[in-house]
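Shared between the two complexes below is chain A, which pairs with chain B and chain C, respectively.
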Partner chain A sequence: MTTPVISLSGISKYFGTLAANRDIHLNVHGGRIHALLGENGAGKSTLMSVLAGRYQPDDGSIALHGREMRFTSPAQALESGIGMVYQRFMLIESMTVTENLLLAAQKKIGGSNCRRLISETAEQYGLAIDPDKYVYELSMGERQRVEIVKLLLLDADVLIFDEPTAVLTPVEIDAFFTVLKKLRSADKAIIFITHKLEEVLELADDISIMRKGRVIISTEADRKQISKRQLARLMVGRDVVLRVNKEEIPPGETVLRLRNFSGADVHGTTRFENIDFEVRRGEIFAIIGVAGNGQSGLVSAIAGLTRADSGEVSFAGSTFNAREWAKAPKDDMAYVPEDRYHTGCVGSMSIAENFALTQIGKYRKGATKLALDWQKMSEDGTRAVEEFKIKAQSAQDTAQSLSGGNLQKVILSRELSRNPKLFIAEQPTQGLDISATEEIWQALLKCRERAGVLLVTGDLKEVLSLSDRIGVIFNGRLLDIIDATDSDQIGRVGLLMAGVTS
Partner chain B sequence: MIRLVKKSEVTRYSGLNSVAIAGFIAFGTGCIIFGLLGVNPLTAYTVMFKGVFGSFHSFSEVLVKATPLTFTGLAVAVAAVMMLWNIGAEGQLVWGGIFAAGTALFLLPEAQPYMLIPAVLVTAAFGGMLWALIPGVLKARFQVNEILTTLLLNYVAIIYMEHLFYGPWRDPAGFGFPGTAQLPEAAHLLRFLGTRIHLGFPLAMLCAVGLFFLLNKSSWGYKVRVIGKEQKAASYAGFNVTGKTLAVMAISGALAGMAGMAEVCGIHYRLQTGLAVGYGYDGIIVAWLAGLNPLFVPLTAVLLGALFVGGEQLQSVLGLPSTISLILEAALLFGLFAGKAMQQYRLVFIRSDSIPERSPAGRPE
Partner chain C sequence: MMEDIVFIGQIAIKSSVAVLLATIGEIITERGGVLNLGVEGMMIVGALAGFAAGFATGNPYLAIAAGAMAGGALSLIHAFFTIKLRSNQVLCGLALTILGLGLANFLGRPLIGEAGVRIRAFAVPYLSEIPYLGEIFFQQSPYAYGAYILGPLAWYVMFKTRAGLVLRAVGEDAAAADAAGVNVAATRTIAIWVGGLFSGLAGSYLSLSYTPGWKETMTGGQGWIAIAMVIFCTWNPLRAFWGALLFGGLTALQFFFQATSIDIIPAYVLKMLPYLLTIGVLVLVTSSGKRRRSASPADLGVPFSRES
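Right, the complex of A and B next:
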């Protein structure tokens, strides 16, 4: 093979005493897609941030085209042709696409022909974007295309993608893969961080797997030789059961029933109309839809964070109209929100303190009930850390020091400990690795023994693995409710998500 | 080339470090200023130090100044914990003073101390609270930025106070001097040990301890802290943000009002021009130097009080402007922010020749 475009040797990166990367050797070639696989916290993002100049390695060296380099900022790495598309896009929402691109690449494309340059570059790789649209108007997929165009305009020839498909719809994922293949044929070196095994098998030319800060294997992908199961085993170091064992539970009484429930999300832009469904104890009722079809407004109205416009809610035996419902007590309802970093927890508070967030009443003590029982809070936090195998030194660690999966386990354990009648889980495994996903799935299945579970997600596999009944939401309306055991109907879910009803 | 690099973890005791850095920067700034004024910095600092610690009497003056500073520092801190910026402690202090003076002069002029002192305390707190609730309600109900409203209301409060003691409340026997009549003796706060240290000082300490427990040990304080750190999480948990905003502003205003009462009933014994000298604004520095921890607020209040007393000494002994202490105060605040930055970042020195440049030779075409 030719000399690698990028050659990492002996890279180590420490955060305090934690070794995020240990003695890493990695070669990346032009014209190939290199998948970097690993669980959450395996050190993938850190390694790529080192390569893209965001972090400086504590040890080791980076060679670009055989020449040793030291980057002290992402700008310098970009100067040398290494660009990264982060999970959270670095775009200014109140500016147009052209303005964003000019801001990033003024030196390269400044002047009168910038519009032509932008559209030429975009067309060359099949990246359809409207240069005059404002970024806040764009879907996640479109924003990602803007980011890619940005890197291409800056002549990047090493493109790093940090979990690029996590925020995309199935259709957008297909389009993105086409773009990646075009980039590959244009001889770009592509590094692709993921923990979705199908994607790796479909796309990658080279595969490197990271575990606990080390690259444990780096190999050429041979699609005939390597299986999903093998990859999974390499990734987590043990066999992972990807199929969930679901016991039959006879459905119990109805815990939640919505009638003609209509409203909008917090911004008032995306609506949901005339939603009717019920959730019974013993079942997982899933609402699936592509992001932005009204489900997030629906969930926050059910959870009482926003007020629905009209309709009726029956919960645990009482019936409320939309206005009453927003203020009704919801102690028997647990909710795992989609945004686990800023809504589900307080980052700078400890695990123990976060454990009390939604059940503060439990920890009041003294005659006036004003004082807080810190001891009990800390005991409960510690128990959750042990029970859910949360990777933390103690319950006094701050929430923000945890990885996404461990943080989600803190939130999940807190909500489960409230002993709810209805358990709402919104995108509970988004961005989590296999083993965390599996643990959360098991917890949800166990939860339905005592409660009704409302699962809101965009992940078809999650829905098919877990749910008993599936409601498909499209454009604010619940198109159909399908029984998960009805094998004739189940194939329609994907079509319904795209709005195809016939 | 020097670059700021974000630290991966905040070191322990770094709060203390940043106070030390603040002190160091203020000290250095002082040296430069004294040098420019042609005074040996060592002499100047010696004068300041002796002026503060030279005798028990001089140090007692520090505690006298620390009393209103503790109250206003606590007022700013309790609001800032919830990320509310109460820049209006000055105006709330003034209203505390107006209510205290009004109670003593006109409402209960004949009352005995055991009646009048509690009455003065309550009304002063109430006065400050009312003034703080104006921006509080505007913020809670209409999301009006409290930084602007609290700040602007200061001027309204001061002008109204001036109207009172130049006009309707002016002492008829005062030979035309601006100010109200002296408060009845029953309204004078008890003084200790032959100094001007008065009952307000132990009261301020009590408030500091009380506020610490309220914020850090109670479920109410927990909610306030959550709202301050992550408003989305607070709404998710169902905390009443509107109610807490009002309550926190009320407490903040009441504390600032106590500062006004302490000045009126403990020091001046009347409403006069010397009341609004900036303790409300100094409270911002006191609160942030203390890292918003109510237990540290009295300490930083004493520190700032010492700076003011030392500044007065510079004037009387060396003939330097006493406003130098304001410059030192500003340097302290800037130093604090520098220290906070150092807590999260570290300086990295980079040799400029190691920065790679993108040369055509490095990239085969």
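Right, the complex of A and C next:
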């Protein structure tokens, strides 16, 4: 092969004492798609941030076209043609697309012909964008296109994508892959971080797998020889079952029923309108949709965090109108919120304290019931840590010191221990790696034996693996409810998510 | 009647210049994402330095420059602590005010009662002859004319130029600006420094033009009013004129009522009004989700670091 465009040698990066990257060697070639695969926390984002100039390596060197480089800022890396689309898009939401592009590429596109340059670049790679829209008005797919155009305007010839498909609809993912292929034909070097194996097998020319801060294997992708199973084993370090074992359970009584439920979204602009569905004991009812289609407002109104405007809720035998529902007691309802770091826990408090938070009544003691039984709290916390295999030194560790997967296990086990009739899980495995996902899925399936589960997610695979019935939400409306066992209909879910109804 | 209105108008402008300049400066700083509560401190230091330089050299230009530079110098302390050391911006700003007040009080003692340079009002040819309006707006201190120009200039730079785009980007989302190749630390340092220059200038107006002389209480809380005004005018330098005029107008009414011993509204109520209005506007601005987006810079008060 030709000389690599990028050659990393011996890169190490520490955060305090934690080695996020250890002695990493990696070659990336022009005109090829290089997939960087690994579990959460393997160090993929850190490594790429080093390459893109955002972080300084503690050791090792970066060579670009064989010449050694040192980047002390993203600006310098960009100047040398290395650009990165971060997992969290780096766009300024209160500014327009043009302003964002000007901010990054003033020297290249400044002046009167800036609009023409933007639209030319966009068209060349099939990246339709409206330059006058504000970024907060754009869907995640559109934002991603703006990010790509930004890098192209800067003449980047190494493009790094950090988990680019995590926020996209299936239709948007296809469009994105088409763009990637065009970039590849234009001889760009593309690095593509993911932990989704299908994507790797579909696209990658080269594959590197990271585990615990090291690159454990770096190889050309030969589609005939590598199987999903092998990749998964390399990534996790052991065999993983990607299918869940779901037993048949006959559905029981209805625990939650919504009628004509309408209200505002929590932050976005999409209201949810006239939502009707029911959740029965023994089933997992999934609401799937791309983020920003009204589901966050819907869930927070169901959980009683916000008040819906109209409609009716029946829960565990009683019926409430929208107003009454916000104040109604919800002891029999458990809620695992999407934002596990802020809504789901108090970061600076210990695991044991967090564990007690939503069931504080259990720990009151003394004649006045004003004191708390710290002893019992700490015992229960310790038990949960053991039972759910939460990786922490003790139940006294703070919640914020846990990784995403372990924190999610704390929250999930807390809510499960309340023995709810309805269990609401919002994006329960978002950003988690295969093994944590697997454990969370098992827990949800187990929960279904005793309660009704309402699963709200954007992850198609999660829905297909877990749910019994699937409601697709688009633009604030529940477009259809599909039986998960109906193999003719199930293919429509992806289309419905994109608003295609016919 | 008309005479009264012109009188009130003139006093209103006169009393609003310092607040206006300081507000414009603080808007620039906050648009860059840094809250500097040290305005009062920078103003009093600017007032002292301006007066002292004028007293020593007799040169009004040097006096004005010294006032601005002193405010700028003090602001760099804020820059060092909040950007380099990433200390808490609120605490650091408060400390700056206390430091400035103490420093000015201590160093200014020998100057109390001395007479220094005086920058007098002058009438702008032609413009000042416009009936009523000319008298109100164009028979003022050169500082006022400076403010008439600096406000729109700040607006133009902020919203129409590359520098302004960078400034706002850093205030809205420092991480995104950084990824786009902007030097966040440098931009913020400059924003703080320019804010300091404005505050110092505002202070020197008080000691050279508004009430020429040196008194350690001469800022009288105007720095705090300026900070409130920033919110009142939703971080827009053009709206700063309205905020400052409102403050000046209320001050002028106090004078007017005192001078004519008419007492329709008690002076204390008038003094309270700018604060009450600010609270009211703040409620209005933040209660509507859509407008909130354009109001406060999203990263205001948030220190930036790549590795966290």
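Here, the second predicted complex is superposed on the first by the 437 of 502 C-alpha atoms of A that agree within 3 Å, B and C clash if a C-alpha of one lies under 4 Å from a C-alpha of the other, contacts with A are read in each partner's own complex, and residues count from 1 in each chain.
Going forward, contacts are C-beta pairs under 8 Å (C-beta built on N, C-alpha and C of every residue); 3 or more make two chains touch, one makes a residue touch a chain.
Fair warning: this is a prediction, and the values are worked out from it, not measured in the lab.
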Which superposed partner A:15 touches (first chain B, second chain C, both, neither): both
Contacts of A:65 with chain B and chain C, given as first, second, both or neither: first
Which superposed partner A:93 touches (first chain B, second chain C, both, neither): second
Which of chain B and chain C A:363 touches, first, second, both or neither: first
Chain B versus chain C as contact partner of A:278, first or second or both or neither: neither
Chain A residues touched by each partner, larger count belonging to chain B or chain C: B
Touched partner set for A:150, first chain B, second chain C, both or neither: second
Intersection of the chain A residues that touch chain B with those that touch chain C: 15, 73, 79
Contact footprint of chain C on chain A as seen in their complex: 15, 54-55, 73-75, 78-79, 84, 86, 88-95, 99-100, 102-104, 106, 110, 136, 150, 267
Complex contacts: residues of chain C adjacent to chain A: 162, 165-166, 168-169, 172-173, 175-183, 289, 293-294, 298, 306-307
List of chain B residues in touch with chain A within their complex: 3, 5, 8-9, 217-220, 222-223, 225-226, 229-230, 232-233, 235-238, 348, 350, 354-358, 362-364
Residues of chain A defined as touching chain B within the complex: 14-16, 56, 64-65, 67, 69-73, 76, 79-81, 157, 303-305, 330, 335, 337, 339, 342-349, 353, 356-358, 360, 363-364, 369-372, 374
